[in-house]
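Which chain is which? They are A, B and C, in the order written, and residues in each are numbered from 1.
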Amino acid sequence: MEIRTERGRVAAQNSMRVNHRKLSIGQLVFGGIVALILVFLVLPTLIVAPISFSDARYLQFPPTELSLRWYAEYFTDKDWVAATLFSARIALSTTLAATVVGALAAVALVRGSFPGKSIVLGLALSPLLLPHIVIAIALYLFFAPLKLTGNFFGFLLAHTMLAVPYVVISVSASLQKFDSTLELAALNCGANRVQAFFTIVLPNILPGVFAGGIFAFISSFDEATVAFFISGIDGKTITRKLFEDIDFSLTPVIAVVATLLVLVSLLLLGVYQFVQSKMDQPKHS
Amino acid sequence: MTVDDKTIVGGTAPSIALPLVSGGSRRTHSTLFSLVLVSPLLLLIFFGFVYPVGEMLVSSLFSPGFTLDNYARIFTKPLYLKVLYRTLEIALLTTLGAFVLGYPVAFAMARAKSKLVPWIAACVLIPLWTSVLVRSYAWILLLQRKGIVNNFLIDIGLIDKPLKILYTEHAVLLAMVHVLLPFMILPVYGSLRSISVELPRAAKNLGAGPVTVFKSVYLPLSLPGIFAGSILVFILALGFFVTPALVGGPTTLMMATLISQQTTELLDWEFAAALSTLLLVVTLVIAFAFRHVLSFSKGFSDGN
Amino acid sequence: MKGAPVSIQRVVKTYGDVLAVNNISLDIVAGELLSLLGPSGSGKTTLLMMLAGFELPNTGSMLLGGNDITFMPPNKRNIGMVFQKYALFPHMTVAQNVGYPLRMRKVPRDVIRQRVANALDLVRLGSYGDRMPSQLSGGQQQRVAVARAMIFEPPVLLMDEPLGALDKKLREQLQIEIKSLQERLAVTVVYVTHDQEEALKMSDRIAVLNEGVLEQVGTPADLYRKPQSAFVADFIGKMNFISGEIHECQSGVSVVRLSEQHFLRLSADVSANPALQRGQKVQIAVRPESLGIASAGQGGQSSIPGVLEANIFVGTHHTLIVGLSVGTPEPIHIQIPDGAVGSDLSRGDSIDVVFNPKKTHIFHADDAVK
């Protein structure tokens, strides 16, 4: 059908466009409901930020006057700074330990042959399901009589155990995508197992190792339950202090700390997304 | 040595009996090496969990001298029974709530245009990777007497006096659903995504309306994800500490907060140990009973 | 570079209940290109994997240049290998890939650089050193894989269906290149393939495997002209099969009974099989180009009547598809040069298919593949 006039052509194009975008009422309602639920999901995380910039001493939402005074108070409070540094130290050490332990275990699970693999896999992933309160109490009852609460290595032990599942999952996924023939080629070229691992396997699974590390860090830095119980007077994590202050001295500095925690998570998630996009690039033609 | 056709030695039937042990393979790591690789993990789990929990179990059964009193207390004193019951009830309701709210989101994430998906995923993943503490604190800000919700309701004239929302069971339920929602969404999303695009198309082609397509294609095929998500949320809800501790009050004790109270306030360590052991055993039993369902949710094969 | 001989002695390999390699013994001459030819599941790749050291045999041994390498770790065997999917390291450049074996052998950097350049020139990829493998075409990647396998001058080169993923023209080109490289360098090559045409073109000798068993080893001509089993006869080249029963067998003449009335007269010593006896069920195998045409009724005692189903002109010759009255329900293929008697036959014509007694093979029926 020929469209002779300019008006006719534009009209035809418009009607095609309308047909494309026509949504049913049902779809719109569904979309609306989903949007509401998504707001429900994300809003609580985000409301702490505006409150942290409020000038008022009490809760005011939305804040009428903005200031950075509570941020200043946070950065100059030596208790808060100490807690933040303590948490950071634990999280970094946990990341290192969990990455090594988890990566080794992943290699064995994907590429090794030994009896009871499924049991070991279950054990490796079990910390995801174990109630943190049980771990917290068991460690507390273990440390308290020995006056080891607040001990750095106690935290390292508990947090590494809780972080390892993330590393195992991430590294295993990477290993399974890795073409094992490459390792055989490396052996054939004269590399022994260790050389093959460090020169061929590791560079190709690095995104998985990295991603696992990011989640290990977040899981340790944000961890609240175990940290609550095994913190001591000198060894107190940022989450324990946050917990205490929420319970006993609800000041707006808490909103600042909460906002900063959210920012740390967002930042690391962003890094993960970036690494993930590199991981998805095809390696073979 | 010259070679000709006559040096062939071969047969159509096996000329030797099948040996009992297969030859090895160098494609996988040897058993010894594999065990070495796995030993740090095993040591970690032992010293970080098995040993301390073992000691805890022992202390609950011996105070001193063997006794089952600590456990008997849980099941005989009405106060503690109430806590047990409340914990189960809230865990179940949380699971239900997470399903009702989570399924639509998972569905949207699986079926939406690829431009929208990252935004939906962000709304699910950001809360997941933010500290539970922050999220629970946000609920305090929202639900307290002078909180955001109450202020809003008073401002628009719906109520004159602030409602008591915080420190009630409803608050705990609401906050728990919020915190655990991503754990329902992700497994359901996983199973929905694995449904081939052609199936609903085929159903529509055969004359099914949207509701029927949903009932006959999506719902049944997403059941594995629904089961996995439900078991996961339930298990996590049973033992949850931070959210009930901050958002619930002394009248809404759940297992975890009861354990905390017994440990830090009442200093009845043997009883706390018994409660913890009970919680752990229940968790392990459920996890073990539904381990196949759960292994789906991890989307993980053990590479055998 | 000089090739070394390889000896495979009574090797058995099982995977659980499956017998992948069933007591195979094979001697590979230094400097020859020997193909391991067979369908999938025949054990050819398993055998290659054991030569490389990635799998270990249950029993038996393998020798390289007289040394027992059966249990030697793969990185110590000094054998070059080209994998089916090239297995180039994706995170390294072409030059780094090719230089990797030398790096593992702790060769000094500047020497590596020089030898890599030489190796790349050898496979005509001299200017591609800085590219990444993903930037190369399939054929180019294959050549890099060959360069990497040869750079450390191994006495033996293993190739696992290296040209399988390439299109026909490229495959033919690389077949010629690989063969000429092999001859020039006199390196021993063990070449796994399922493509019998490729094996016939490239090999000095071919070892035909079937379900873990070594069926026959010989030159391409040996295997083509004197197959020792129905499987080999069927697998190499095109072969027609006709079933029957021995009616008489004496002084160099066999008469095969195809039906109540029909008998086919053939020569008895064309096959290497043990003595044929009266009543034995047999398969007669004959190549399309070894069959002749005669007018209906004029064929003689060594012919079978049939009806033409199709006459296909293929440029240099005709392929006649003929349905036989006895012997086989499947139509047989006859190949005649263009212009020879029968070129102008058409569908429906009745003819006699004439067997050349000297070029017909007889196998036991239970040997047969079909």
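Annotations
As a working rule, a contact is a pair of C-beta atoms (placed from the backbone, for glycine too) under 8 Å apart; a residue touches a chain by one contact, two chains touch by 3 or more.
The model shown is predicted, which means the values in this text are computed figures rather than measured ones.
The touch graph of these protein chains is complete, with an edge between every pair of chains.
No other two chains have as many C-beta pairs in contact as A-B.
Distance between chain B and chain C, defined via averaged C-alpha coordinates, is recorded as 56 Å.
Averaged C-alpha coordinates put the centre of chain A at 16 Å from the centre of chain B.
For chain B, the set of residues touching two or more other chains reads 25-27. Shared interface positions of chain A, defined as residues touching 2 or more other chains, are 184, 187. Each of residues 53-54, 73-74 in chain C touches at least two other chains. Against chain A, the residues of chain C that register as touching in their complex are 52-54, 73-76, 78-81, 83, 85, 87-91, 100-101, 104-105, 133-134, 136-138, 141, 148-149, 152. Chain A makes touch with chain B in their complex at residues 26, 30-31, 33-34, 37-38, 40-42, 44-45, 47-48, 51, 58-59, 61, 100-102, 104-105, 107-115, 117-118, 120-127, 129-142, 157-158, 160-161, 164, 168-169, 172-173, 175-176, 180, 184, 187, 193, 215, 218, 221-225, 228-229, 239, 242-243, 246-247, 254-255, 258, 261-262, 265-266, 268-269.
The touching residues of chain B, when paired with chain C in their complex, are 1, 3, 5, 7-12, 14-16, 18-19, 21-27. Residues 179, 181-182, 184-192, 195, 199-200, 203-204, 282-285 of chain A are the ones touching chain C in the complex. Interface of chain C with chain B (complex): residues 10, 12-17, 19, 22-25, 27, 29, 53-59, 73-74, 213-218, 222, 228.
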